[in-house]
Amino acid sequence: MQDFVQHLINGIGLGSIYALIALGYTMVYGILQMINFAHSDVYMIGAFAAYYVAKWTGLEQHPGVGSLMIILVSSIVVCGILGILIERLAYRPLRKAPKLNILITAIGVSLFLEYSGQVVFGADPKVFPDILMDSNLFNLAGVEIKTLDFTVLTVGILSVLFLNFVIYKTKIGKAMRSVSINPSVAAMLGVNTDRIITFTFVIGSALAAIGSVLVGMKYPKIDPLMGMMIGLKAFVAAVLGGIGSLSGAVLGAMIMGLSEEMVVAYLSSTYRDALAFGILILILIFRPAGLLGKYNVEKV
Amino acid sequence: MSDALLEAKNITMQFGGLKAVDSLSLAVYPGQLAGLIGPNGAGKTTVFNMLTGVYQPTSGQVFFKGTSVAGLRPFQISHLGVTRTFQNIRLFKGLTVLENVLIASHQHVKYGMLDSFFQTRKFQDNEKGMRQRAMEILNIFGLSDKAHENSASLPYGEQRKLEIVRALATQPEIILLDEPAAGMNHSETHHLMELIAQIRKDFNLTILLIEHDMKLVMGICENIFVLDHGVKIEEGSPSLIQNSQKVIEAYLGVEDDL
Amino acid sequence: MQSFKKPILSLMALLILGLGLNFGFNAFIQLQAKFIIINMILAMSLNLVNGYTGQFSLGHAGFMAIGAYVAAYLAMNWNFLPPELSILSYLLFVLVGGLVAAFAGFLVGKPSLRLRGDYLAIVTLGFSEIIRVALLNMDFLGGARGLAGIPGLNSFYLDFVFSSLWLVFCFFALWRLIKSSHGRGLLAVKEDEIAAEAMGIDTAFMKVKAFVVSSFFAGVAGGLYAYFVQFISPGSFTFLHSVNVVIMVVLGGMGSMTGSLVAAAIITILPEALRPLQEITGVDLRMVIYSLSLIILMILRPKGLFGELELPEVWRKYVRRSA
């Protein structure tokens, strides 16, 4: 039983991380109807930004919540800027082009970031510094809750709640929702669609940055290709929940995280990655709209 | 057993909470020229979509020559002999005028992929025949000299005509025209009226058309269905429709009692 | 027969080219030539789906893998002819590999081709990855270590002739398909599915047809690859390989067969042409340049080299116009 609770906690933790990344995919899809292949690589850059900030400022010598905050903020800033650059330079010129073109460009950006990362950072994995000392925090149902797991959970949940607040309780959030429903009408009503789209990318990238720092803390090996697998799983999570739907992304991510943890724990770890593909294929064949999404039918 | 060519029996189209078409029944008989009119948003194009298999009716059935077409895909209904044009022209914009027409005759092609690979006699003869027939129809509509031009480069009126040519190439028994005169001026509309009467004769067609241009509708239609908010409110000859209070109210609104 | 005139002439031209390559150039150039042919077949076949039918497949490598493994396995275990006649059995094995890949194309295509563009891309990508993971776990096919020692024709000229046969077959099969009513049907699906259906085109069947034919030739290319390199592993057929073919199709022009031929040649040679850069700077910048070029290509010239035109039309349009 204790093992089960531990797996449950791990699964939820994993799910929160997937959620942070999945939200980025789903928001961009909701507003531009494109799959941002490069999202997982922005995530990767976030991890490396955190790594280099920790190293250069010597923060790795001073683990603690304060350092964590500084590193999170730096990573968020770097990813946010990267998100803006990608949107402006690679995607905006293709706003009016066929969807296929922007998809191919996104693949190009993704490859560009991965290969540049290999050239600049070196292809070998780096060890993420200890930003927080891992220790037993408290006891829940007979299971020791560790600092890292607790941090992952709280930061993850707080970020999702914050996003929820922004989207549903602020003016800019309302603008985002309107642009995703009908960009031309939103523009006519005075919404600066370009800025909203940029803002969407910034938020998505920021969440990815947070996710990357959390992952770096929990699984300290980072390398330029670290985005691929997790990006795929987060994307599947977004599709599973219904791409374009925020709550769907979170729901899908939780399901992905928990199922992965359970499969590895009780079945076999060789199926860890194949599980994601399997779920993806099943969803797209049987329920392409996802659990909470709507598959739009073309008007004739 | 009715001898209607195309018939709808109590068809309803429900999109979520919205009933776009409500228990509509209509019948078009062989050789007839019928019209479907109604204010904007009445559901006319939705009816066309239901008749051609683009939408499956939520309830009710559509019959072609007495047989139900429920569950058939649009291409199968096309093979039966039902064809249509679109309200917002849907030409194959990247292709030439001739190619647009040739695609519509694909269903009558008598050769397979192997024939095309070996360039057999069958393939060559079929291709020649198809092109000839396509050019003939294009000629009737005065488009044959533009056969190799890109269809998107045609002026609006000719694009509309090309859509009709394309539909005719499927060798239909009935053709559904969705606002064929949209965007046309008086003389173009008059010319179109003559053209429609002519193709009905030359191609032995039954025609059902949606139109807002009352002169055209009253001028050539023999039987008219009036749709308002998805419901058929009147049916009859042009003179009956013109004098119907219900129709006038649907278009102009009810007079308020002061 | 009349219809064989052009294919035979093309084949003869290639055979003469092959002789020239055999005696006039070194082994490295010869290898490049063989890869160019394989890439041409890959690019043309993907173009049928992506360019002509307007469906976005990201899984070409998966079908190539199937063809490669089938052809390799057959050659290693079922070679029933004496070595002098082995070219005939290889012909058969490559054909079988192609057919198995085509069948896989049918299995994948049938349920997925009704999905929207970006969704279809993901499914095909997913399928390709599943194939790769499955192969990693199939120990009788070598697993992660792959299959080594695949027998081949052991002669550059024979290899070249063998692949030229397939290249000519692929080119004319696709070219003639496109110039027929069936090909026009594919274009109609790309242009406007709803209008195509209304005009009597079975769009679902058309899409599956394109997918199956395309997968067949991808499988053929895989078989050729297996016999040339004589070593295959799941790592030879990754998502990046699929992307590579997509780049070829885009560069050549989606909807231009001759464009695919030219682009395949360029993309095959490009890494080697860029090698001096690597020597100067000391780092391998080739993939960085590659991906950057893809982005720039999509933004500035998404039509690629030839757009939807074929070489003769491009010639007429740009060259003769100024004459």
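Going by the order they are written in, the chains are A, B and C; count residues from 1 in each one.
As a working rule, a residue touches a chain if its C-beta (ideal position, glycine included) is under 8 Å from a C-beta of that chain, and two chains touch if they have at least 3 such contacts.
Remember, it's a predicted structure, so these values are computed and weren't measured experimentally.
Asker: Most remote chain relative to chain C, going by C-alpha centroids?
Answerer: B
Asker: Can you identify the chain nearest the overall CA centroid, using each chain's own CA centroid?
Answerer: Looking at where each chain's C-alpha mean falls, the closest to the middle is C.
Asker: Between chain A and chain C, what distance separates the C-alpha centroids? Give it in angstrom.
Answerer: Measuring from centre to centre gives 34 Å for this pair.
Asker: Quick one: chain A and chain B, Cα centre-to-centre, how many Å?
Answerer: Spacing between the chain centres: roughly 49 Å.
Asker: When the centre of a chain is set as the mean of its C-alpha atoms, what distance in Å lies between chain B and chain C?
Answerer: 42
Asker: Check each residue of chain C and list the ones that touch at least two other chains.
Answerer: As it turns out, chain C has residues touching two or more other chains at 194.
Asker: So which stretches of chain A touch two or more other chains?
Answerer: Counting only residues that touch two or more other chains, chain A contributes 300.
Asker: For chain B, which residues are shared contacts with two or more other chains?
Answerer: Touching at least two other chains: 54, 86.
Asker: Show me the residue ranges of chain A that touch chain C in the complex, using the header's touch definition.
Answerer: Contacts found on chain A: 33-35, 90, 93-94, 97-105, 107-109, 111-112, 115-116, 119, 235, 239, 270, 273-274, 277-278, 280-281, 284-285, 288, 298, 300.
Asker: Which residues of chain B touch chain C in their complex?
Answerer: 52, 54, 73-75, 78-79, 83-84, 86, 90-95, 99, 102-107, 109, 111, 113, 116-120, 123, 126-127, 130, 166-167, 169-170
Asker: Write out the stretch or stretches of chain C touching chain B in their complex.
Answerer: Within the complex, chain C touches chain B at residues 1-3, 172-173, 176-177, 179-185, 187-188, 190-192, 194-204, 308.
Asker: Which chain C residues qualify as touching chain A in the complex?
Answerer: Of all residues in chain C, those touching chain A are 50, 54, 56, 111-112, 115-119, 121-123, 126-127, 129-130, 133, 137, 194, 240, 243, 246, 250, 283-285, 287-288, 290-292, 294-295, 298-299, 302.
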